[in-house]
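The following blocks contain the structures, represented as C-alpha cells.
Both complexes shown next keep chain A, but they swap its partner, so chain B is in the first and chain C is in the second.
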Partner chain A sequence: MMDVIQQLREQAKKLLEEKKVTLVIGFGQGTELARTTPVFIDSPEGVSALTWGPFCANNLAKYLTDYKNAEGNVAVVVKGCDARSVIRLLDDNQISRDKVVVIGVPCPGQLEWQKVAAEVKPGASLKETADNGESFSVKTDAGDYSFNKKDYMLHRCLVCENPNPVISDITIGKELPVKTYEERFAEVSELEQKSTEDKSAYWDKQFSRCLRCYACRNVCSVCTCQICVFDQMLPMWVSKRTNLSENTMFHITRAFHVAGRCVDCGECDRVCPMDIPLRKLNQKIHKDLGDLFDSPTPGSKPGIPSALGEFSPGDPEEFM
Partner chain B sequence: MLKRLLEYVGFEPGRFQARWISGSEGAKFTTTIKDMTEKIKSLGPNKKMRDDIV
Partner chain C sequence: MEARVVNKGQLPELLDKLAKDYDLIAPVQEETVVLFRKISGAADAFLEYTNSDVSPKGCFLPQNEKTFNYTYTGDSIEINKPEGAQKAVLFGARPCDIKAITTLDPVFEGEKFGDEYYSGKRENTVIIGLSCTKVLSTCFCYAFEGGPCDGTGSDLLFTEIGDKYYVEVNTEKGKALADAYSQIFSSQGAEQLAKDKEELAKKLAGEFVRKVDLTGVKELLDNNFELPYWNGDDQKKCLGCGTCTYVCPTCHCFDIFDYPTGDFTGARLRCWDSCMYPEYTLMAGGHNPRPTRKERVRNRFMHKLKYHLDRYNMVGCVGCGRCVRKCPVNIDITKIINDLKEVAQNA
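Then we have the complex of A and B:
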C-alpha cells in the first residue's frame, strides 16, 4: 500500500500548494500500531502525516459539516462506505459540492483493531501493510504478521457493498471488485426469526449496558441537527436517566431518526464502548426499506430520493 | 417501518398500531378502537419501557 500512500501525499500536497483547498482531512498513524487518527493538514509540508492501510476505519466525512461555513475548500479522504456519507450530506444540503474535494481510495477492507492488537507484540511499530486479496500482511519491527480478512475484518466490511467510492474527484489506487463474505442481512434475519420474548431479552441485555455517552450519535455522519433531541431540556423528549426503559427509548429513537438517511457505514457500532450491536438496528431499517420501498442503501447514488422523505402512490399502506 | 422496528426490539405484534381514519369514517373508528382494545387486553399490561423498570 506504499504506492497508495505516496500518491495520496502527492495529491494532497498538490491541492494545498495550488491553493485548491486550505485543509486536507485524512488518516494519520495513531499511537498504537493498529490504530489511525484523523489528521487535519493545512500546509504542504504536513502531508507526510498522511497514511493509508487496513486500519483506517474512521468515516472522515463526518468532519465536513464542521467546515461548511469555513472560507476555504476542504479535501477529505474517503473509502467506499464514507463516500456514501458524502453523497448523503450533499443531498441533504449540509455541504456544497464546490467546497469539497473528495479524494477517493478504493478500500480493501478494514481490520478490527482490537483483534489485531491482541496478536501483535505490544509496542511494535508499523513498517508496511499490504493487501494479498484474502488477507493482509502487516510488517512490523517485531516481525511480520498475516491477518485473514474473513476472521479479522470489521463485520461491516464482510458485507461491503461498494469498496470503490461512489463519489470522488481524485481516485487513488485501482478499483477493487466487490467481495462479500456473508449475506448482507443474515444477522438481522436470524434475529427476526426469534420469538418476541427472545428478541426482547436479547435487546434488553444490549440496551441495559448503554452508558448514554452518545458516541454513536456524535460519530454519525448523518446526525446533522444543530440541536439534538437528546440534548434538549425543554421539552425533554428522552430523559437522561440511564436505565433500561430510557435506554430503549434512546436507541429506538436514534435508529429511527436516521432511517432512510443512514448510509450503513457502521461507525456507531464500531465506536460503542459497550459493544452494543447498533448496526443491527440500522440494518433492520435498511432491510425493511429494501423490502417495502425497494430502496437502495442511502447515498449509494447521487440524488436518489429518500424512501421516507417523499410520497409515491405506489407506497405500501398498511395503516389504511 | 416503526412498527417493524418495535417488533424487532421485542414489542409484541399488535402492541403498536397505526390506522388512517378520516373524519367521516365513524364506523371504521369504532371498529378499529374495539379491535385495538381487545387486542391490547389480550396482550395484558406492557412490560417494556416502563418507568418502574430500572
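Then we have the complex of A and C:
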C-alpha cells in the first residue's frame, strides 16, 4: 500500500499548495500498531502524517459537517462506504458540493484492530501492509504477520458492495472488482425467523446493556441534528437514567431517525463499547427498504429518493 | 502482613458460599463484553479476562441510583430513603480498578461532603482483588505506582500461581472474611507462594510497552490554562461521545434529577454524567462555560492530571487503558501525557 500512501501525500500536498483546500482530513498512524486516527492537515509540510491500509475503519465523512461553514474548502479521504455518506450529506443539503474535495481510495476491507492486536507482539511498530486478495500481510519490526480476511475483517466489509468510492474527485489506487452478496442480510433473516417473544428477548438483552454513552449516535455521519432529542433538557424527553424502557426508546428512535439515510457504514456498530449489534437494526431497515420500496442502499448513488421522505400512491401500506 | 492459600479447585465452593452469605459482585461475560454484575454462584463468574469492558466502580457509584422516593401529600412532602447497603463482596476486581476506588474515596467520603450512599456501600463491601496474569498493550498502571499484582485498596488480593491462589490479607476486614471461611483459606505453603508472586510481579513489570512519564506535566498545567496544545487535532477529532468517561474507573461525575412516577410521586435519581457532553455545563440562562469540544477535551485531561491532584493529592488516572481502547477515534491519554511533557520541556 506504499504507492497509495505516496500518492495520497502528493495529492494532498498539491491541494494545499495550490490553495484548493485549507484542510485535508485523512488517516494517520494511531497509538496502536493496528489503529489509525483522524488527522487534520492544514499545511503542505503536514502531509507526511497521512497513511492508508487495512486499519482505516473510521468514516471521516463524519467531520464534513463540522466544516460546512468554514472559510476554505475541505478535502476528505474516503473509502467506498464512507463515500456513501458524502452522497447522503449532499442529498440532504448538509454540505455543499463546491466546498468539498473527495479523495477516494478503493478499499479492500478493514481489519478489526482488537483482533490484530491480540496476535501481534505488543509494542511492535508497523512497517508495511499489503492486500493479498484473501488476506492482508502486515510487516512489523517484530516480524511479519498475515491476517485472513474471513476471520479478521470487520463484518461490514465481508459483504461490501461498494469497495470503490461512489463519489470521488481524486481517486487513488486501482479500482477493485465489485460484487453483490446474496448473504448480505443473512443475520437479519435469521433474526426474522424468530418468534416475536424471542426477538423481544434478544433485543431486551442487548439494550439493557447499553450505557447510553451515545457513541453510536455521535459517530454517525448522517446524525446531523444540531440538538438531538436525547440531549434536550427542556422538555426532557428521555432522562439520563439507563433502564430497559428508556434504552429501548433510544435505540428505536435512533434506528428510525436514520432510516432511509443510514448508509450502512457500520460505524455505530464498530464503536459501541458494549458490543450491541446496532448494525442488525439498521440492516433490518435496509432490507425492508429494498423489499418494500425497491430502494438501494442510501448513498450508493446520487439522487436516490429518500424512502421515508417521498410519497408515492403505489407504496405498500398493508397496515392501514 | 498475613497470607493464605486457596486451592484453585476450591474457588467454586468459595464463590458459592460467598453468594449465599453476601451480595456477590463479580465479573461476568455477556456476549463478548465483560462487566460486573451480582451473581448467584461460581457458575456465573468469568475470571479469564484481563481488563473488563466496564469497570467495577458501579459497585459503589452505580450508573443509576435512587436517593429517595417522594410523595406530595397536599401539605407536606414525604421522603422515603431506600434501605441501607447490603453486606457485599466484590470479587475478582483487577488492581488498577481497586486503586481507582481509592481515588473515589476522598470525593465521596471527604469530611466536608460525606455521601451516605457511597460510604454505606463502601463500608459494607469486602473487596477481593485478583492480580493480573497478563499485561495488555494499552495498560500503564505502573506509571501511577500501581502494578499488575498490587494490592492497594483491596481487603484480600488473590494471585493465581499454578493450581493455587496466593492470598494477601491486607485489612482487618479481609482477615475476618478469610477466618470465616477457614476451611478454604489455609496457611500452608504461603512462604513459597510469596516468592513466586514476587517473581510474577517482576516478570509482568517488564511487559509494559507504553512509556508514560508525568515529569513536569502537572507544573505545566498549573501555570497554563490556555495552552496552544489544546487547539490541536484531539479537539477536532473528539466526537464528544463520553465513552471514555463512562468506562473510566475514576470518572465520577453525576447528574441529579427528579423522575416523576405520577402527579405527586416520584424519585430523585443520581445518574452518571460526562464532562464530554455539551449540556454538562449548560447553565439555566443559556450560557455554557465550556462551549466547544476544545474546552471539554481540555477539562477531561485537566481533571485527570491536575484537578484531582490539587484536591486529593492523587492522580485521577490509574492507567487501566480503557479510554485508550474504547475511544472511537484513538484519543490516547498516554500520548497526551507524553506530548505535554514535551511541551513542558520545550517551554
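The rule is simple: the second predicted complex is superposed on the first by the 316 of 320 C-alpha atoms of A that agree within 3 Å, B and C clash if a C-alpha of one lies under 4 Å from a C-alpha of the other, contacts with A are read in each partner's own complex, and residues count from 1 in each chain.
To be clear about the criterion, a contact is a pair of C-beta atoms (placed from the backbone, for glycine too) under 8 Å apart; a residue touches a chain by one contact, two chains touch by 3 or more.
Given the structure is predicted, the values throughout are model-derived calculations rather than measurements.
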| item | value |
| --- | --- |
| First (chain B), second (chain C), both or neither touched by A:Ser200 | first |
| Touched partner set for A:Glu192, first chain B, second chain C, both or neither | first |
| Which superposed partner A:Arg35 touches (first chain B, second chain C, both, neither) | second |
| Which superposed partner A:Asn243 touches (first chain B, second chain C, both, neither) | both |
| Partner chain(s) touched by A:Val219 [first = chain B, second = chain C, both, neither] | second |
| Of chain C and chain B, partner touching more chain A residues | C |
| First (chain B), second (chain C), both or neither touched by A:Met274 | second |
| Shared chain A contacts, counted only where both chain B and chain C touch the same residue | 243 |
| In the complex, chain C residues that touch chain A | 30-33, 35, 53-54, 63-64, 135-138, 207, 209, 233, 236-237, 239-243, 246-247, 255, 257, 259, 269, 271-274, 277-279, 282, 324-326, 328-332, 334-335 |
| Chain A-facing residues of chain B, complex | 1-13, 18-20, 47-51, 53-54 |
| Footprint of chain B on chain A - complex, ascending | 191-192, 196-197, 199-204, 243-245, 248-249, 251-252, 255-256, 259, 281, 284-285, 288-289, 292, 308, 317-320 |
| Chain A to chain C touching residues, read off their complex | 30-32, 35-40, 58, 62-63, 66, 114, 117, 122-123, 205, 209, 211, 213-215, 217-219, 231, 233, 236, 239-243, 267, 270-271, 273-275 |
